[in-house]
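Shared between the two complexes below is chain A, which pairs with chain B and chain C, respectively.
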Partner chain A sequence: MVFNSVAFIIFFLLTFIVYWLIGSKNKKLQNIFLLFASYVFYAWWDWRFLSLLIFHSTFSYWISTRISNTDNEKSKKSFLTFGIVLSILILGFFKYYNFFAENLNQLLFGIGFKSSLVTLNLILPLGISFFTFKILSYMLDVYRGTIKATTDLSEYLLFVSFFPQLVAGPIERATTLLPQIEKERTFNYNQAITGSKLIIWGLFKKVVIADTCAGYVADIFNNYHLYTASTLLLGTIYFAYQVYADFSGYSDIAIGVGKLLGFELMQNFDKPFISKNITEFWRRWHNSLSTWFNDYIFTPFFTRFRDYGNKAMYMGIILTFVLSGLWHGASWHYVFFGVLHGSAIVVETALKKKRKSVSKKIKPWLYNNLSMALTFSFVLITWIYFRANDMVHATNYLNRLFSASIIQMPGKLQYLPWIALLILWEYWQRKSEHPLVLKGIPTIIRWVIYITMVFTILYYFGQEQAFYYFQF
Partner chain B sequence: MNTQELIEKLTPIFKDVLDNEDIVLTETTTAADIEEWDSLSHIQLIVAVEKAFKVKFTSIEIAAFKNVGDLCKTITQKIG
Partner chain C sequence: MKEYIKKVTLFSFCIIILMLMNYFFNLSRVNKKPILKGTTILIAGDSRVMTAINPDSIPNSRNIAQNSESYFLTYHKLKFILPANPQIKRLVIGFSYPSFSAYMDRLYYKDIATTDIFSRLYPIMLPKDFAPLKVDETKYYQVYFKQMLLLPHLKHEQYLGEFTKLPYGLNKANLESVVKRHYFDENNKNIGISRTTSAYLDSIINYCNKQNINLTLVNIPFQKDYLRSVPNNYIVFYNSKKEELIKRGVSILDYSQMELDNKYFKDYNHLDLEGANYFTSLLKTEFEK
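The block that comes next holds the complex of A and B.
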């Protein structure tokens, strides 16, 4: 069930009504009902994988309880290792087995052996990368003592499978979500209104901007050999806004749905395209994933090997981004995307002092704008590797992009106004809590805007395009 | 060494690692108060502090530092 479907709207309306009819006095029943709704939401897509989700979360509950109940440091570590290994094996089997088998076969063939590891026809369980990361962070947090293990199975299961963020994040931590599940939630009118506006804004970005944009992007990327370099450049910009509108739209809907149920979920995006360097970009883009990698991969790695100084830091950055690339998909072009971003951050870190002294010599507005342009250009180019079907496709696209036809008039300009609208709107509302606050606008006009937006969404509704990040 | 003396000794280390001459440390200073103090420079700070005071922190101690006061307390425990 995707957020932009009629099925979801009916599902959510029913959930919303029953949930508040049960009422906050019956918190336990409310939680069990939410868990049931989350399982229906997941089973709607493929009921067979529901058992995997239930098994994986129940297993991690058991492991975490064991970690928490023993005082013996050694057994704590053994339970944690067991939990991590099994979680990674599950994720690894569905997501990386074929990648591993193909590459091993090729490698063995290359050195003269005939290997016959068969590749399997596997379906990637929806949201597996997201909920596995939630489970891993919970076990690690319990082990580190950041949180106490919960003793309520249904509350823990709800933490893992809470439907607004089950299949594409934000990858919420137990430290912020579990306390909200444990306490009573009361219906708050203002919170519900903000939630509804976020859903409208999210759907607008997804259905009107991203889905329409996707067609242009697919055309330009698939038929890149037929287009001028300038059109290919436009294609990369379209892709940037497609994936931004798609994923930040999804996050807005998730946060909005959460608010309607009395939950506050974390922000995942913060105007990523105004970043002045790549380090900042990853703080503004899919923040829940970046902080996850920072807390559970980079920081422990750098802490452990800190005596090696900068070498350990640079190694840690590259390792983190290679893994982050792989998290997106089992393919070399994702790994390369990660290596490019990791390298950029290594260079930025190495030149930190130099950059600071340069920034003092140039006018701030010039330095800031140049930094923003440079960062955005880097993101555009590396995203070719993200969007392409494979490495060869990306390289061919890039070769053609850097050719003489860059000075020709680009084709496919007709989509540009939508992107301009999105940029201008977000700039206009940049100081508001979200882009539909519209403070200082007369009520009548505000309502005209909301209704126009809803009708525009309905006009474009119906194709039920999956969200881009569902594939990860 | 009392906390004030420790903070006086820590200040030049922070200024150097974070490359910011305007830093004024107090017991309650946290990473949120200093723009340059991020997860990356946090560990660089730890390395510099370990060198300067000839101490070694455990990873649990490092993760538990919430402000400069915490850091001072742990250093005091180590150097006695």
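The block that comes next holds the complex of A and C.
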């Protein structure tokens, strides 16, 4: 079930009504109902994989309880290792087995051996990367003592499966979500209004901007050999905004739905395209994943090898981004995408002092705008590796992009006004909590804007394209 | 909670009122038949006709062809338009190999063209009119409600196509995909001949005979690589149908085998503007005979 479908609208309306009819005084029943709704939401996609979700979360609950109940440090570690290995095996089997088998076969063939590791016709369970990361962070947090293991199985299962963020994040931590599940939730008018506005804004970005843009992007990337370099450049800009509108739109809807049910979920995006460097970009883009990698990969790695100084830091950054690339997909072009971003951050870190001294010599507005333009250009180019079907596709696309036809008038300009609208709107509302706050505007005009938005969403509604990040 | 429900209800009420206003406005205009003033020659068919016959070069003519239009659709369009336009004396319709491919019957159910076709035809066809073909009714009503509820339209004449100028220059990149789309299914199996579309061509002929409309079927030139790729069963069926129609006295102008320079083609089965102007001049001479 996708957020931009009639099925979800009906599902959510029913869930909302029953949830609040149960009432906040019956918190246990409310949680069980939310868990049931979350499982219906997941089973709608493919009921067979619901058992995997239930098994994985129940198993991690058992492991975490064991970790929590054991005083013996060695046993704690063994349980944690067992939990992590099994979680990674589950994720690895569904997501990386074919990648591993194909590459091993090729490697062995290359050195003169015959390998017959068969590739399997596997379906990637929806949202597996997201809920596995949630489970991993929970087990690690319990082990570290950051949180106490919950003793209520239904509450834990709801933490893992909470439907607004089950299949595409944000990857909420137990430290922020579990306490909300454990406490009574009361209906709050302002929270619900903000949630409703966020849903409208998220749907607008997804249905109107991302889904319409997807057709142009697919056409330009699939037929890149037919287009001029300037059109290919436009294609990369379209892709940047497609994936931004798609994913941030999903996050906005998830946060909005959460608010309507009395939950506060974390922000996942914060105007990423105004970042002045790549480090800042990853603080603003898919923040829940970046902080996850920072807390559970980079920081432990750097702490472990801190005696090696900067070398450890640089290795940690590269390792984190290679894993982040692999998290997105089992393919070398995702790994390369990660390596490029990791390398950029290494360079930025190494040149920190130099950059500071340069910034003092140039006027701040010029330095800031130049930094923004450079960062955006880097993101655009690296995103070609993210969007391409494979490395060859990406390289061919790039070769054609850097050709003389870059000075020609690009084709496919008709979509630009939507992108411009999105940029201008977010710039206009940059200081607000979200882009539909519209402070200082008379109520009647605000309502006209909201109604126009709803009509525009309905006009473009019906394509029901899956969210881009569902594939991860 | 009460305050929230009140606000959401009021917001929904505003949306429903606006939708109803649009609906009743559109309802008053949707069934209006178009009056094609001054048109005595009507040109209909699929994208090949749409891009090949320039009505500016043929006096009193109008090209209403649209892409992915089968005889089934053309028949329903003509039944809607012709009674309101008795001045139309000649009808020119495309006639070629892909016209009889069963892929034409699959356009109304989960095809990339489905939404586009419904948004053209909702003023003149209901889902039941698509029988005996498989039709995606949900998609149809989605399109219908979008067109009727979301915006007020002064005219609902999207079923009237027009001559489309294609820019110069042959695009030779996708012969395989064009041929595949026209004659093969997703498993690369030959789709075969559509008896439905063939029957609807007969219905158009019968209808024109009854209305005393002079019907001409035209096969527009193909680029030679495409011609070589047409599966044999379509060529055999086309030739036998052509023979049968000639025996019935239907006028057929077949330019399919005509050797045309690549500069006249936009792609394998569509003429570019230069090709269209050249081809229309040939057609005009033929009509003047």
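Assorted remarks:
One rule holds for everything that comes next: the second predicted complex is superposed on the first by the 472 of 472 C-alpha atoms of A that agree within 3 Å, B and C clash if a C-alpha of one lies under 4 Å from a C-alpha of the other, contacts with A are read in each partner's own complex, and residues count from 1 in each chain.
FYI, contacts are C-beta pairs under 8 Å (C-beta built on N, C-alpha and C of every residue); 3 or more make two chains touch, one makes a residue touch a chain.
Since the model is a prediction, treat every value here as computed from it, not as a measurement.
Upon superposition of the two complexes on chain A, no clash is found between chain B and chain C, which fit side by side.
When the two structures are aligned on the shared chain, A:Asn223 is found in touch with chain C, with no touch to chain B. In the superposition on chain A, A:Trp447 makes contact with chain C only, while chain B stays out of contact range.
Once the two complexes are laid over each other on the shared chain, residue contacts for A:Lys353 go to chain B alone; chain C is not touched. Once the two complexes are laid over each other on the shared chain, residue contacts for A:Leu458 go to chain C alone; chain B is not touched. With chain A as the common frame, chain A serves as the apex of an angle whose CA-centre rays point to chain B and chain C; its value is 160 degrees, to a multiple of 10.
Of all Cα pairs spanning chain B and chain C in the superposition, the closest are 37 Å apart.
Partner chain C is touched in their complex by these residues of chain A: 20, 187, 189, 192-193, 196, 223, 225-226, 447, 450-451, 454-455, 458-459, 461-462. Those residues of chain B that touch chain A in the complex are listed here as 19, 38-40, 42-44, 46-47, 59-60, 62-63.
The touching residues of chain C, when paired with chain A in their complex, are 1, 3-4, 7-8, 11, 14-15, 18, 115, 139, 142, 146, 149-151, 171, 173.
Here chain A touches chain B in the complex through residues 144-145, 279, 294-295, 298-300, 302-304, 306-307, 309, 313, 349, 352-353, 356, going by the rule given at the top.
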